[in-house]
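Okay, got some structures for you below.
Here subunit A shows up in two complexes: once beside subunit B, once beside subunit C.
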Partner chain A sequence: MSKYAGLNNAAISASQCAKIFFLFGLGSAALIVPTAVTAIAKQDAWISMLLVGPVNYLVMAVYLALAERFPNLSIAQYAERVIGTWAGKALTFTYILFFLLLSALVLRNISDFLGLSVLPQTPDWFIDVTFMIVVIYGVYLGIETIARTGEILFAWGLFVVLIILLSLLNQFELSQFEPLLYEGFERPIKGVYPVFGFPVCEFVFITVILPLVDKEERPKLKRYINWTVVLITVTGCLLTVFLIGVLGVSETARSPFAVYDMAKNINIEEILVRVEILVAIVWIGTVFMKLVLCVYVLAVLTGQMLNLSTYRPLVFPYSVLVIPLSLIAYRNSAHTNLFAMGVWTTYSAFQGLLLPSLLLAVAAIRGLRDNGGGMFPKLAQAGGNRGSEADKGQGEEPSPA
Partner chain B sequence: MLIVIGISLLAAVAGTLIWIRNGKKGRKRERAWALLLLAIGTTYAIGVQLRLPMPNPVDGITYLFGPVYKPILGWIQEEL
Partner chain C sequence: MVGRYKRGVGRAGKKTAKQSARAEKHEQQQLEPYADRPLFAELKQNRQFIAQQMGESADVIFREMQLMNSIRTNVLVVYVQGMVDDERMNEFVLQPLHRERFAQAAEARPDELPGMFKNHVLSTGIVNEIKDWKQFFEKLLLGYCLILFEGTSKAISSSVVGGERRGIEEPKTEMAIRGPREGFTESIRVNTAMIRRKIRSPKLWLEQKTIGELTQTPVCIMYIQGLADENVLKDLRERLDAIKIDGVLESGYIEELIEEQMWTPFPTVMNIERPDAVAGNLLEGRIAILVDGTPFVLIVPTIMNMFFQSSEDYYQRYDIATFLRMLRFVSFLIALLMPSVYVAIVSYHQEMIPTQLLLKLAAQREGVPFPAYLEAFIMELVFEILREAVIRMPSAAGNTISIVGGLVIGQSVVEAGIVSPAVVIVVSFTAIASFVSPAYSLGIAARLLRFLLLLAASTLGFYGIGLVVLLLLLHLSNIRSFGIPYTKPFAPLYFKDLKDTLVRAPLWLMRERPQKLAVNNPVREQIELEPRKEPGQ
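Now for the complex of A and B:
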């Protein structure tokens, strides 16, 4: 491991960025979202998952356009340049609250899943604390370590998803999809709503990760991100198709963790059975990536808002805050359904689409572009030159594009 | 009660570590913010454990976005 791997001025490759983006997308959504979409769109839920693709592409286009204007700055930094220092800090504060709550909700997903299906007698707080210890260590080591972990989990995730789907082919029933589009496109369009907020608009985390991509790799970034959007759409669609084909509409719409329940049905000649734990392992891996990225972005945004020299001292205090938040976030399963599938989408769209679009519009109207360096100042400069002063020193760097 | 003592002890150890690790490197600003966040987190964790009426951000967001999400949810759930 590089001596400086934990510092903020680390760099990752474009493919690593795409892989962590994929894992974030697969994250908690893969296990939970198909249930919500199927409850709305019934047997046409797979069409909803297909319709999400172009929406996802449009949301990513906003982030990529912002990254093109401010290639070396995170959203906290260019917000201050676009709308002024204090308004920018206020905007960053809304993102800090967003990622704080998102971290707590993702942690709650993990404890709910493990508590319901794998460790029913273990207290939630114990699962949360155990998981957060690993998350703290991952965030503390920095983005390079997170990205390398993502490379391992990406391959395993895809492999297990493929194995699970292939193993279920013998139980797939096409009749479960009938009647197709019996109410036209209204239901599939309504089915896009929960996915739009969870996870599409949560992809705003990438505005903090994009400036960390190696400058030589940036020309490839747009292509990688676009292909990842396709991969996320295809994976989501395939999972939904198999859920409906294997479990049927009513069981998928009722099950809190439908993909896990679907994997319980795998039975190939009584030889390959009880492999649902593979789904649990991969899901815990992808959710771990999502939580690590949320806490990392949370700490980095706070560090940048407060002009700190490093985000590391903030990681543990934030984790102490995230655990109790996750414990009290939801009161019961009805509250979970209302918030996660109803309220969250509007909040997520506000933070993930509306605010970045407004920033992009203001930057375009004012003709703002900035190729200056936006990373944290080096630790040696921490006592004197902080934040903007250090940025000015790097401001003459040529644009990587 | 045991868990409250545990949280307090953990916070004290973490606070000491933050103080030591960031004091010597001229990172007093980082130390101050980290300790403030740790104090907020510890207070919140103890409050939750003691079942005090701690503010839940989920309720705040539900209230704040009520005028937006309710009509959308109404449209989605009609004839379901």
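Now for the complex of A and C:
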């Protein structure tokens, strides 16, 4: 298996899908977004984080409705069926650009974070390159491996987050939340705006992962995804609550990596101090998952757009492209915040909500449904020896050009 | 088990010209020329042929006798000295040939003699008729004695296998406080019998193959029919059949040749020296591979979790067993990570250490000429050298090494101020932790990876460690052993299987066998085993 695992096609379970969705959701957002939300909504930021839940649910509902119509197809493939081959390819191309930029931004996030707080003297490009090497390896191994790694990171991540929150309980001050809603619901609702773009609308990546879920697991999928939305909302809310309770509004709004700064406050009897590196390690893990998924989706979408037989040759070139792109994407980390809060939401909502909704609407009006397979075309050589077994449980026919 | 990579089978389809030329060359060296070549009818010719083929080797014994029938048929008994049991040979083969009552068969024709001997004369358990030279040499070199008759090209073989062998002793690599004291030996029949004595079921099946064209090593597959997965079995048979090699001297040869993943420090086939542990694995639906000439039995499919299980876990109470399990996991992590974490903290993240400790460490490092990573690297290397030296050297010199290693290096190096005491503490604690794992082969992986992690920690601090750990996670998630993911049951998560991982649940809770293994027969025990309170309590 290992040698050819997911060379063309693979299957993951519903719970694996939910877990990588959770890690993507935590991804780079958990460390950065609370700052942006708190800057807008002040001490009511946690209400914003709660309000994100229903929004997130609606966005996921669009993807799930699309997945119901085209259970074995990714967005690149059903776009071609819904709005025609060439228009579909053009649409896929916009997604390729989107994920290319997203990968670069995620990579920039991690190098900013490490450069600012952990390794101040190491040049950015070195951090980028070392991180990308691991990402390339991960993407190259395929979605099954990524999903299994995700399961371990998920358990470890939850464990560490819980430990950190528990050890901060002694510094929690309820008075930081006062006054509650003193300008009404306007501010918390405005606070939803940055989260809506980052990360909620980025969840469009899941339209590429959903068709890979094992057929037998499909009935559970919707339930799992919805529960994950709840879990993401609760985690985001909990983190924000602790940020405001421990750090206070003004410090949270000023700190570029608020959760990391919050972990610095951990102090148990002067023995367990300065364990923020644990947060850093968990965060490296979640960002890693997000980046791996972005690059994977990027390569797979390109492969599907071009009718390639495998996505793997694309991984390395794309990674080489992502590194310089991440270096020039922002001028500095202040610029990051500006961009993430102002520009990104518009772009992300366009790609993540508007286009899929339009696709869904057109598909619903035209009454299109397709149970056909969306696997990569089989390799022509060696009598399909490599691909044949991996197709088990998925559509057998190669996707029509 | 999707798209499992099959060694050999996948390759067979597309042989290149170079490969087939090599294969042809290979054919010529085999023992195959003997196949289908019948024995000669004349005894003298046979004797000459054997002597010539075996280069007149001195340990091949020819014993010529004459039967007491009317035509005084000449008989030739051939065996290899040292490989047969002399007493049994005399009692059950040579004496019956001399026996008087054999004169009754006076009128038998020569070609009836072998059958008659087989049925009436030889009283050993295994007697076969031999037709060609291939069978002849196979049996002769397994320690059988061969009986040839004048005037017929048939011969018979009789099992009198014996000779000096090591007895059953306590296993050297897997000690246990509680549990059986016996370990496997070098003799495959003794080993299979030891497993049979644990599982007295007709469903314990055994398949034998011969691997190694020159060594002709017997290799057995043992499994419980109905528990072991047929797909895994089929796969295993295919992989074993694909092995074409001149010799198999230890199960390590088989292990390396049936592994799916070659580029990994992690063992994907487990080896065990304890019969009870093998029996336990068979009962879970795994398959054992026994190789003659080694006490190490292979188990497939292997998952990483198995290396943290010891057979003793199941003989002790579950609470202490759970504690020991966790201790082993923690020790593995210490053995893997501790030196690199030390280096990362000391050189990059000093803020993590409480101030008092930091001052102590700084005072120690005062005047030490090397940076922390170099110190750690040197001490790790010294430790590895010591460890290897102690294993290989004659035991009489062992004490010298422990004195030189412990006192001279450990103490004087610190006193001379070449390395700081903290590094010595870290390295020795790592060494002790690395011996906690009940499986030696996983410890080796940790040994290698320790250096990689040290390198990462010295260049990038905790970030480097994080990267390498991510790399390892990806790698571990990618490994499969006979289709079973190596990280099962953590990823993919099988919630029910967690009962036998970080914790060892009470036996009455282990109702089911591990998932995806004993697919047809998952239930291990009856539900009524749950302890109940006495009425009235």
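The working rule: the second predicted complex is superposed on the first by the 372 of 401 C-alpha atoms of A that agree within 3 Å, B and C clash if a C-alpha of one lies under 4 Å from a C-alpha of the other, contacts with A are read in each partner's own complex, and residues count from 1 in each chain.
The rule is short, and it goes like this: a residue touches a chain if its C-beta (ideal position, glycine included) is under 8 Å from a C-beta of that chain, and two chains touch if they have at least 3 such contacts.
This one's a predicted model, so the numbers in the text were calculated from it and none came from an experiment.
By the document's definition of touching, of the two partners only subunit B reaches A:Tyr193; subunit C does not.
Once chain A of one complex is fitted onto chain A of the other, the partner contacts of A:Leu306 are limited to subunit B, with no touch recorded for subunit C. When the shared chain is aligned, no partner comes close enough to touch A:Val55: not subunit B, not subunit C. In the superposed model, A:Leu368 makes contact with neither subunit B nor subunit C.
In the superposition on chain A, A:Leu321 contacts subunit B only, with no contact to subunit C.
In the overlay built on the shared chain, the residue A:Tyr347 is in contact with subunit B alone; subunit C does not reach it. Where the contact sets of subunit A with subunit B and with subunit C meet, they give residues 382-383, 386. On subunit B, the positions that touch subunit A within their shared complex are 3, 10-11, 14, 18, 21-22, 25-27, 29-31, 33-35, 37-38, 40-42, 44-45, 47-49, 54, 56-58, 61-62, 64-65, 68-69, 72-73, 75-76, 80. In the complex of the two chains, the subunit C residues touching subunit A come out as 1-5, 10, 13-14, 260-261, 348-349, 351-352, 354, 460-464, 466-467, 470-471, 473-474, 477-480, 483, 485, 487, 490-493. The touching residues of subunit A, when paired with subunit C in their complex, are 1-5, 10-11, 13, 15-16, 114, 118-119, 122, 127, 130-131, 134, 137-138, 141, 145-153, 155, 270-271, 273-275, 277, 280-281, 284-285, 288, 382-383, 385-390, 392-393.
Only residues 39-40, 97, 100-101, 125, 190, 193, 302, 306-310, 313-314, 316-321, 323-325, 327-330, 335, 338-339, 342-343, 345-347, 350, 379, 382-383, 386 of subunit A touch subunit B when the two sit together in their complex.
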